[in-house]
């Protein structure tokens, strides 16, 4: 019989950019007994999580919660708002932007894929001026939606969504703005309403610190309006009936009750800490991580400091080094999982996740494992990244929030 | 802060026909730490559950596991195999058959809905001869698929799928056979391969004793062949890439890791007990339940004893009694959830779930709660159903399987 | 490898008079991560449970919490207050009173064991007038303590402690009053201060619904005074240092942190329900159980209705029936554990626990299992006890407390 | 309501020398439903843990498991084997040796406390030659037992027990040898039989990785023989009845069922890893820790390298530094608990625990927190201890054991 608890002695360090480590509080919450999804207790749970999740997206509009993982929420965003043959403008920020584009093609849409040449787009994020220029050309408004990734999990770049909004407005173009912040939500600042996003897509297994399995569409009135005439076939993903039943805290079909327990707990944790404190914590850890990478004299995948991701850091390997071999050594000797490079970057970098339930010492453990692994792999390291990170963290250490309140 | 553990003192009895009570073993399993879905441990888990679930469906063919609840697996079955405008022959067995039909319409298919008049179809299950007759008329083979529900959760009728297979064969018709056994799997005998089913749809929160959130498509070679030419847009539900990656135990996008832990545990439990023992246990409890209903002199919703469901029993109320008021009294006074009547039957019956992790004394608790609730609601009760059930169970009690094996 | 989760399918019914079934809420609480028992969080936990447990004992005096099971708390009561050779007056209410007496002997005390002849004392509880008479004879005050069991777990008799207090006072005797309410606390009304008890002994695994492993001494000022001159050797059990350190929420040696988490949760549950509601619930269930026994025309072990236990009911078998054989059949066929008869009653009765996290339907399951087991064992049963219990419960069913409060 | 899960975001690092961090596997195990401690499943559990624990003590003799924390097992060792007024020879290795001595006094024994002057004894462990010399003087064999601490938790010194055995033998003295390895068991090599120990005392919350609450006496035939004539009063701690009932896997009074579940899981984990691998892991981490301390140019509390503890390292502060202030800064800013100095060392050092479920990266996190905390506290640090530890760990990294075995 397969033993699911088969790690070597000591805690495994799960430092991939998601799924992020699920806190014990949330694991216990998802183990509450499953209840009747048509009974009165469920309604109370439903209303609570539906209200709370809006605060995370910073929206007053509906947030649809799907009993499906994040890839489903991508499909939901497209299929609720578009029709076969519609042109959508997408921007190549990395592997996940590319996968979303492929999905658009499979669904019968016509994605146009803007981007910088080579791997430059994978290092600099969305170029709002390119979007604006393209939209200005589209005088006939053939483009129905602009789709961008907020935090590119494959690279560690967090694009400027407000700039994309401004680009669309500057072009005077009516296209919908759809944003994937699957790995950004609750780690990087995100403002669905203020930034005028029409559909925001997100998932559970990143900043929300839940296991994978539920996902989200935050929707604007304009998106709902678009859904009335959109003709892509849809049933499971259809917003209309869900939003209607959500008024009383229920869903038209069976929701993922136990993950909603986890969501309820995650909302409590995040809102108790305070969203701004959560973001500040992520920025502090990300900066410490980057200081380590610079001390090693390795290149950070994100080439534009203004769009460094607070969620993960991509570390590029010198020529001739197989990043996956380095990851394997770290996994085998130090019981830590790092993220592999994907798509165009395959084998050329690894990704360090520092999101969700992460703190100073977990990051230090992570950087120690990387530094030892780099040495064991024969990667030349200029100076101790661990020392650089400690210098930064010690210099910026504030007392932790008070505990033990009765 | 919402307290999720807010039941009154003592255990809640969740006797709806799903979600069924999740055993502690499984709740603990789903609280294992989430791991990297691209790491080596995950592959071992993936291969295990993919092999095990085939035994439950009694198939040698692929079983696709979706990180989405059961309604999604309905959509997957249709969108992988059919094209816009295709005619599908469906049979009205109850509320869930009706919902599946509505989904087919929303997806742009043309469902033809066979059925008996009034509520008769809701009491007798699939009439294979009607299907055969209709298929014989369809000499042009406009009908692309026959879709039926194996265990109708809304009524307590378990239709004869082998008979449907025979009907299709007798008519010499090439239509695909698609079966929903969301609430039947692992409670009622089911044979995907032997019965020649092309797509079997199921979910986690019934006989598998898991929380809701994952679902299944078991697929035949003929179904895969059909998927090559099917033109309904699909991406998330697309079988091809999933089946390909499943060879090594992985998924193309993030799977629902923690529910797969639960599935692994559920498979261990079910296969240790033995599928035949599981089925026999369900039949025994269902028969005891029906004896109680008969003693009360109330009508069993299923009017054909050859298709009584081993999963649930629908209990019809006398005229003038609001079944939901009875359910509410039982919930408020005895801390037990029963299933409401749905659709055409609304308010006229309630449903007793006796599936999954159920045993003799849990059933006796359930029937006691029903009997007391009926009396408190003023429903005349001819004799004690509890006594009738005890007579049956005591007369058919076998020693339980040995425990404590080292 | 021993599989600890090896019950047959379906929930096991643990209907012994303790350990009582531990609610999921408490099982989850005891799985919180162990913390530093010298750190600030621990102090907050310590102060909370020390304050809360006083409410359960209805005392303003210190309650000492031992990281040891209930038998240890018996020893603590004796060794803190007495000296070698001291005479203690004990009363034979059953097996546990007998064990406590044996412990007194082993510790070098001289217990005098009052009691009714034969098994009468095991059916009628403490006779306060006998205690009074004996104390009146003891003009030299050789008797240093009167020790009685409040709720005799071996018989189902809950003695009148106020009457014992009155007896001591009426005799004008200075002996300490020590009471074991290991199985009574938080199920039967208990008033440490009002009844003038000097040492109350209790444990975790009964009305407090915790696993076994921690235990209690509630102590009066007079008991503390006695401890200053008591000369039985003691260190682990010594109150003084514990009470001193408890002022700040800590213990002199390592406490049982995870069971204290459970205690914290149990206190929340009990105080939310309200002690009076908890007691009323126990009385109602006990009365329903006794009605079942009477309907079966079997004898209730407790022969004096004024001291029926709300915690458990002893059911005597007709001559020629081996109660343990009946229990075994019920265990093997219906997956339910009942309590064996102990000591003088061995094989002549079984004990039904209806304490702690018990409710109407759990009791009905229990009585159904008994009724079926009695029939399978060939015990003649006059009428359905299950029917009698349902009649009582339905006639006395009140709406359950509101749930789902935000 | 007190929220027990009130740590700041991110995992707390519990790096005190016990309670050590309890692995998730064990926390889940202790949350299994409590069962009847007189039923057949319990017997299987009892036999398993009683057999397994012997392997950990390396003994063929009985190991008594108490439902009480470690301090109780100290008392059990003394009270089972000695009589009031007996002389026992104890050795001052630190705070816990001192506490055991105080307990002996409270129990009416006459401890003689050997030791080196000042704090030297707290830095060098048991001096077997001093014991031998003292025993040689005791020609009348007034000394009934020699009591020593194997791993002094207050200092980080692991004394040589075989040397103490040899000293007793060399002196030809019949005294019993009693050893406290509460914090050494399952972390440092220990051989109850081979070393001729008569009573070994241990607890659950250190190398066994359990929460506190159960404790152990491993006993030799000579100890059992001594217990027959020992006259200290005892009942709860009495070996005789426990050992007798343990033959069938049961206990005379209620055991701590849920912690025994944890023990069962801990035994599986430790024996799967292999005791020798467990010891090697502890030695490797301890050496890395000491290299860090030396790089900081701080003094290791243990002054004799031959008795360095694999369990914890005591780090002495320069004059004028309050070690508790350093600990507080580390706790407040880096969410890590370290051990305070106790007794004679109060305020002069802190203790780093690296025992139980610890691995390379957890140690690196710990040392990083210490190094940052030292700097923030103004403690001059010569060089990076973190770098020194990484050098050692990377140079001695072996592939971890294979996982994911089916």
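For clarity, chains are labelled A, B, C and D in written order, and residue numbers in each chain start from 1.
We take it that contacts are C-beta pairs under 8 Å (C-beta built on N, C-alpha and C of every residue); 3 or more make two chains touch, one makes a residue touch a chain.
The structure displayed is predicted, hence computed values, not measured ones.
Between chain A and chain C, the least number of touch steps comes to 1. Each of A-B and B-C has its own count of C-beta contacts, and the greater count is at A-B.
Inter-chain spacing, taken between the CA centroids of chain A and chain B, is 34 Å.
In terms of their C-alpha centroids, the spacing between chain B and chain C amounts to 44 Å.
Counting partner chains per residue, chain D shows two or more touched chains at residues 2, 5-7, 21, 24, 28, 31-33, 41, 44, 48, 403-404, 406. Remark: chain B residues 24, 28, 31-33, 40-41, 43-44, 48, 403-404, 406 touch chain D in the complex.
By the touch criterion stated above, chain C contacts chain D in their complex at residues 1-2, 4-7, 12, 14, 16, 19, 21-22, 27-39, 41, 44-45, 48, 66-72, 74-75, 79, 84, 102-103, 106-108, 203, 205, 211-214, 232-236, 238, 253-259, 261, 264-265, 268, 331, 337, 340.
Contact residues of chain D toward chain A in the complex are 2-3, 5-11, 13, 21, 23-25, 269, 273, 278, 281, 332-336, 357-362, 364-366, 368-369, 371-372, 375-376, 384, 386-387, 390, 393-394, 397-401, 403-406.
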